[in-house]
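What follows is a set of structures to go through.
Across the two complexes that follow, chain A remains constant while its partner is chain B and subsequently chain C.
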Partner chain A sequence: RPGPGGARPLLVAGQLIDFQWKLGVAISADSCKSLKLPCVTVALKVADGSGNITCKTFEMTVPQFQNFYSQFKEMASVLETF
Partner chain B sequence: MLLDLSEEHKEHLAFLPQVDSTVVAEFGRIAVEFLRRGSNPKIYEGAARKLSVSSDTVQHGVEGLTYLLTESSKLMISELDFQDSVFVLGFSEELNKLLLQLYLDNRKEIRTILSELAPDLPSYHSLEWRLDVQLASRSLRQQIKPSVTIKLHLNQNGDHSTKVLQTDPATLLHLVQQLEQALEEMKTNHCRRVVRNIK
Partner chain C sequence: MAGELEGSKSLSGLLSGLAQEAFHGHQGITEELLRSQLYPEVSLEEFRPFLAKMRGILKSIASADMDFNQLEAFLTAQTKKQGGITSDQAAVISKFWKSHKTKIRESLMNQSRWDSGLRGLSWRIDGKSQSRHSAQIHTPVAIMELEIGKSGQNQDQFRLWIKRTALCLKDKQASNLKGKYSLVFNLHNSGAPGWHSR
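Here is the complex of A and B:
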């Protein structure tokens, strides 16, 4: 669909190819020898406009993940109203 | 090995016999300080006012002296070669002696500074590690899988970067064994012989 001035909109954002996750518990680290820290790791595969695929990995603690999850829950509820 | 000084360089250095030897010694101190920390043009203006010359003249004098010292240090020329190279400038014996002393006094430090200019591969800075147990993933539940996460801190040309890696304990053990083997190589006769011959 042409935008203002008749220009074609550019696909600036990438496309999500894959969403992988894993859940683990950190037990010990060089800075803290005795841990019990649950951790969510997410690996996103994104393709940019020219087809180049990059993988972005990030970790979240449980409170961070709960925030992350609530974003998607909110998005899902808004989509239901369409 | 003699230094080959360009005409422009000789012109810049020609300012040195026009000032007191204490001024030349001060220029030498400024030159080395600039090599350590970078140049500061304000110094040239202050000196130019005191000496009643243009700041360009002072700047060329200091830069000419800096280049003389860095080229001599870079090539590690002998005392005799330094004296012969400077001789063509037609300076007084007192000034020649002062320049030689500046060279000998600062050569080691200048060479250390110059060694840091070589192109650089990322080098080890520090390492953080963490031992995890993976309990579930999108593809498999009910797991107990130990893994080690390593954050490698690297330096390259003054820039800091990090690399995060993950491996299982068996591979980590293998990695440690390989590194120990690399260290052991230093103790072999072959390596010892090569190092001895370079020294």
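Here is the complex of A and C:
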């Protein structure tokens, strides 16, 4: 994964001001009539230094969400120690 | 020769090839490749409808995410049909689905994910800093880097600063979400074939 000096340009940087989520289950698709696919969609609102707000949405599978959630918990518990 | 097609020896290989092409996105698995590798004695004219029949059967099974009861019923019906399959062939198909079901389902699910996904996540906590002019210039803050994008394309990178109060709030929201997710997971887990946990 590239770090701050890595190859990929940093597109959005700022303060997380809101995060919304939605949990859905895709029931059916043209490629697969019986899908039963749970999906977590997250919308992040980020404010940059000038106060411009960007909203980014992305999807996560269930295991990804579990990982995302546990990372959040870990960050929170480390921050608690300060 | 029709006899060749009725045999089940090469059918397993054929189903693998079909699955690679239909579900796993493998390019380059042509009719002619399958025929020459697996049924070299059969003409292309005879092979084509046979291939189409097997492809159709495999797609029906995968699309409906058949459990073993449904599968047996479906395959039995196919053996009774005019121009259907033999019971040997049904056995090969059944065995193939049982061993490849999970991977095929996973590929089908991935095909239905069209929006950007979370490709990477890392974080660090920055503690207090000081400078010559002020004793404390930063309160602790979590910095999270997310890579978001579609597979096979360039990823967007997001670097987020999350202050402590905000993090606690977001943690609670995430916890609410986890509770809701568990409910859905359990509803689907009970008696829902094809839903598997990883």
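One rule holds for everything that comes next: the second predicted complex is superposed on the first by the 69 of 82 C-alpha atoms of A that agree within 3 Å, B and C clash if a C-alpha of one lies under 4 Å from a C-alpha of the other, contacts with A are read in each partner's own complex, and residues count from 1 in each chain.
As a working rule, a residue touches a chain if its C-beta (ideal position, glycine included) is under 8 Å from a C-beta of that chain, and two chains touch if they have at least 3 such contacts.
Nothing here was measured: the structure is a model prediction, and the numbers come from that model.
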* Judging by the criteria at the top, classify the pair chain B and chain C on chain A as clash or fit. => fit
* Asked: Between chain B (first) and chain C (second), which does A:17 come into contact with in this model arrangement: first, second, both, or neither?
  -> second
* Does the superposition put A:62 against chain B (first), chain C (second), both, or neither? -> second
* Asked: In the superposed arrangement, which partner chain does A:39 touch: chain B (first), chain C (second), both, or neither?
  -> both
* Return the chain, chain B or chain C, that is in touch with more residues of chain A. => C
* To do: Could you look at A:27 and tell me whether it touches chain B, chain C, both or neither (first, second, both, neither)?
  => first
* Closest approach of chain C to chain B (Cα atoms, Å) -> 5
* So which bits of chain A does chain B touch that chain C touches too? -> 19, 21, 23, 25-26, 29, 31, 35, 39, 57
* Given the complex with chain C, which residues does chain A contribute to the contact? -> 1, 8-17, 19, 21, 23, 25-26, 29, 31-41, 44, 46, 56-69, 71-73, 75-76, 78-79, 82
* Of chain B, residues touching chain A in the complex -> 127-139, 145, 147, 164
* **Residue numbers on chain A that touch chain B, as the complex places them** => 19-31, 35, 39, 57
* chain A partner contacts - residues on chain C that touch it in the complex -> 62-65, 108-109, 111-113, 115-118, 120-123, 125, 127-128, 139-140, 142, 144, 146-148, 154-164, 166-168, 170-171, 173-175, 177-178, 180-181, 184-185, 188, 192, 194-195, 197-198
